[in-house]
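Order as written gives the chain letters A, B, C and D; numbering starts at 1 within each chain.
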Amino acid sequence: MSKINKIAVFTSGGDAPGMNACIRAVVRTSLYLGYDVAGIKQGYQGMIDDNIEDMNRHSVSNIMQLGGTILKTARCLAFKTPEGMQQAYDNLKKRGIDALVAIGGDGTFTGAERFSATYDIPVVCIPGTIDNDLFGSDYTLGFDTATNTVIEAIDKIRDTAESHDRLFFIEVMGRDAGCIALRAGIASGAEAIMLPEKDTAISDLIDMLEKGAAIKKSSSIVIVAEGDKNGGAFGVAKKVKETFDFYDTKVTILGHLQRGGSPSSFDRILGSRMGYAAVKALINGDYRKMVGLRGNEIVLTDLKEALNEHEFKLEDDLMEMATVLA
Amino acid sequence: MSKINKIAVFTSGGDAPGMNACIRAVVRTSLYLGYDVAGIKQGYQGMIDDNIEDMNRHSVSNIMQLGGTILKTARCLAFKTPEGMQQAYDNLKKRGIDALVAIGGDGTFTGAERFSATYDIPVVCIPGTIDNDLFGSDYTLGFDTATNTVIEAIDKIRDTAESHDRLFFIEVMGRDAGCIALRAGIASGAEAIMLPEKDTAISDLIDMLEKGAAIKKSSSIVIVAEGDKNGGAFGVAKKVKETFDFYDTKVTILGHLQRGGSPSSFDRILGSRMGYAAVKALINGDYRKMVGLRGNEIVLTDLKEALNEHEFKLEDDLMEMATVLA
Amino acid sequence: MSKINKIAVFTSGGDAPGMNACIRAVVRTSLYLGYDVAGIKQGYQGMIDDNIEDMNRHSVSNIMQLGGTILKTARCLAFKTPEGMQQAYDNLKKRGIDALVAIGGDGTFTGAERFSATYDIPVVCIPGTIDNDLFGSDYTLGFDTATNTVIEAIDKIRDTAESHDRLFFIEVMGRDAGCIALRAGIASGAEAIMLPEKDTAISDLIDMLEKGAAIKKSSSIVIVAEGDKNGGAFGVAKKVKETFDFYDTKVTILGHLQRGGSPSSFDRILGSRMGYAAVKALINGDYRKMVGLRGNEIVLTDLKEALNEHEFKLEDDLMEMATVLA
Amino acid sequence: MSKINKIAVFTSGGDAPGMNACIRAVVRTSLYLGYDVAGIKQGYQGMIDDNIEDMNRHSVSNIMQLGGTILKTARCLAFKTPEGMQQAYDNLKKRGIDALVAIGGDGTFTGAERFSATYDIPVVCIPGTIDNDLFGSDYTLGFDTATNTVIEAIDKIRDTAESHDRLFFIEVMGRDAGCIALRAGIASGAEAIMLPEKDTAISDLIDMLEKGAAIKKSSSIVIVAEGDKNGGAFGVAKKVKETFDFYDTKVTILGHLQRGGSPSSFDRILGSRMGYAAVKALINGDYRKMVGLRGNEIVLTDLKEALNEHEFKLEDDLMEMATVLA
């Protein structure tokens, strides 16, 4: 690999709050250290379509507080084909781009790893997803903001007048990972949490709620991750009603609003640190790595390892604590 | 009717942000003017159960910013029976309560009117409901906060990365009245608004969205009032997908979070003014009235009239404007 | 005056939340009705500097939720000279702009009136200022959002642990007008409100606070408009401390954060309605008018009248109510 | 030390968001594990005044989302005397309280350590302060929320119309520690950060700002920690104006609003974990410890060590990064 002159950054997959802080950090750190920098719009699709723009420090002014990503994201099937990859590579070459910072999740990393291996182009990845389901980092970018968004919604539901037989089911994101459900469940004092990783029987849920009723809880909130085996919040609500028809059940589905919102301080700083570290890693020759946060330290993990390992982040101690405190 | 010595206040029906400001105003105005004051918990049910407490100015300290109602609400079938009403009346009499301020919606007013007529007890009503569907007031208590809550949610959805074929359906409250949907639709720049008052055909919605697509809108947001004839947000989404299967549709159901949250400045001031005016009305002998806001003025409407009239609040000019600006 | 073909919109003076909704409405209504439309950057300065851009419907996509104004504002002394005005007029003429929508306050209106009279160019003005101090409209654009911003800040101060001898002074905007102070004072339950319109003696304030202490208030919040005669929050705090040195006083100065923030639903709808009405007024030949909201209706006021009249908006009934409820 | 039967919890010093989550966790964990539990109001003062209440699981229902502390705090000089400590001890003994969880800062810990040593009573401390200035924990309770509060305020200031010669000075909390200033400065993209730990000369600040002006920044934001040597935000603003009188400077002093607000998800979970761990530590005989968070793990530090060590938390790498990204 030859010397790096120009770095490009892109976001891919589902967007996450904090991505803009990260883009800003990549751009400004690159410029500060004397490198040119470009932004690729709509992820791999933009790479193929040559939807690429050179960036200067003003390209990223006043973006840190914005939700979403100014570079946008898109799904891109074409990048999975050799022709697509070749087209992307040709575009990068034409523009003198010789290193990449990729911000996204699992799918983004897979593409980045293959692309880097095929064309011997330096790539560093940054975990940007609200799901917090990646190996190699205690927190993914956007998770903190998403959890705050969820608890603000639940706080409002808590406000509503309480009666003894009312059950609120709130569906949160998490097809495979219950991280948002667990953290938001603890932080909102939910009476029960239904996770994709656990196969909670409806009868167990009922038991839990009845115990609550017995100790005179006036209303109950159940967090349901969308990947829960019972069919999400509506599925759980329906099954509970079949068994105990006296319950007045109400369903809220938060959906995509969990992806948006102005990023929290935590995510802005995390995004800044990760972007800053990604550029430094590229320059140091640390290729095919993922940037992560371990404790209070920024660390690098081999991209292959990050993709192969699957961290069971659903901390058992937190799960146990949730039960004690509910 | 004899001279008033002691006023009681209660909230009934669905709770609404601003009710606490209103309770505070009733309590403090009563005391200021030399009357005793009590709070009835859980509406008519508390009247029957004698769940009543004397209140002083500290009973309502630091409550203005809280969502919900410190007096709680409850459904009460018993109050519809002569025996229930008699029990309620006996409890009030026993406690020396000789006037009432009722905060709630349609159902609350109906009970209040009948109770007042039957026992010749002075009652003034205050429109507390997020639906803005009552005659005699430009705004009901809680509507402003609820609309703000909805647009904050939609703003977050707008943040998410945009693609040409993505449709977001957001279900908001409004079984019979589309006020929240219309106002929130305008304020969030929604591409389409589905209201219970209008029978929007799915084909018309599709037309509207395709026109949007033609003028290169990157993503579209459709607000669906829960009372929409097509079956709420899921119903509309399903039907759209049947016709145009290429759409990537996402559904959010805001549900009860629209009832909660710290009240807006508008609702706190409205609640304060209405509570203040209600006590003054009682003292002036203006019974069986509803307090309302017309323009910037507090007005009284005959309770019977408020119940019989049905205001078509769905302002046609706003509806037309929504179409022009979308 | 000849037929209008192209309308330009600009913002001037201090910016206010809701201006973007208003710009969007002017642009989209103009286009919808078949007129060309341009945006002038940085108010009168941009008119002189020819900092003007044609706008289409996408120029105003996704801006409604943003604070500030995408067209920016600037002070402009040059526009007060005949040469400046002539230069501005020449630029407009060159670009075929033959009608203006001006969004701003007092100073903006004065310039607009003179310009329109001098060059016989149709102008309609929209009251955009957080101060709510203009004649001809119950509400100015931005006032509702600013009041919400202030009460959210005060709510947080209320949260802090209470002690008997702690006094919080919070300075809010309002050099000449106490509208924000009064409304925010009521909505936050402040113990006292210091307004520029009233000459509250420090001894009266002390009396008020001691009465509060006597009835066992745990902490007290005093709202001070920046135009208060005692020298703002620091001035009041200093004088109180001189008299009663046992008080633990804390000062917060909210400053310019009151101008920012995502606009409330109320301001977005108000801005939309005003922009929509301004274009219609221009087309109907209603020149040199100010658009206002009276009750729930949009009304037009003669610009000269709006400038000459000074509405004493500091509603006495609200002031009295504030005292009763505090 | 004999077996523990009853644990009491109290908050002391400046209050911090997340204290309620922590109180809730102490109460519910104690009960769950079979211990009695009491709450002491107003910290050491309440211990001396016997302002103590037994708590059950409902005492802490629905408090997690509230700012401040339901147990309140107070300064207490009397506890520094042997007589005060003796009185406090007698009250605890009378009520059968034989272990304490103290939530607060430096001063709280000093008192707790001395009390525990003098009377051989088990105490575990929890770092509750927005300043993040304690040894033994990456984060103190309330720091995350406070930082979010600050950046939300700054985001609003960023919204206001931009001009080339406007400087905003925002004073944030931090008498001795610049943690809030540094983190909030990074997260809000401030152009300069003035910390108590650094002696930034006004001339250096001017240089920094002029560099910004040279690269065409439209407006600049300077974060000033209250402990900055130049006299806080007003002091810095005054000195800058003396040198460069063309600057239009605006000052915001956030003050006590930084202590309030509903706690973030991070602080609610941190508070829950720390409260849970504190009770477990007491039961395990781990006395005179401080509970802290290191990375993602809860750790215990010797209370004496926590008091003697002074961690320089002002991470140099973050400071450097702030300069690169500004």
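The rule is short, and it goes like this: a residue touches a chain if its C-beta (ideal position, glycine included) is under 8 Å from a C-beta of that chain, and two chains touch if they have at least 3 such contacts.
Molecules present, by chain and UniProt name: A, B, C, D = ATP-dependent 6-phosphofructokinase.
Because the structure is a prediction, the values reported are computed rather than measured.
The greatest centre-to-centre gap from chain B, using C-alpha centroids, is found for D. With centres defined as mean CA coordinates, chain D is found 28 Å away from chain A. Centre-to-centre spacing of chain C and chain D amounts to 36 Å, using the average Cα coordinate of each chain.
Contact of a single residue of chain D with at least two other chains is seen at positions 155, 158. If the chains shown are joined wherever they touch, the resulting network closes on itself as one ring, and no chain has more or fewer than two partners.
Pairwise chain contacts in this structure: A-B, A-D, B-C, C-D. Per the touch definition, chain C reaches chain B in the complex via residues 21, 24-25, 28-29, 32, 57-58, 61-62, 64-65, 138, 144, 147-148, 150-152, 155, 158, 183-184, 186-189, 215-217, 262, 264-266, 268-269, 272-273, 276, 294-296, 315, 318, 321, 324-325. In the complex of the two chains, the chain B residues touching chain A come out as 11, 14-15, 17, 66-69, 72-75, 149, 153-163, 168, 250-261.
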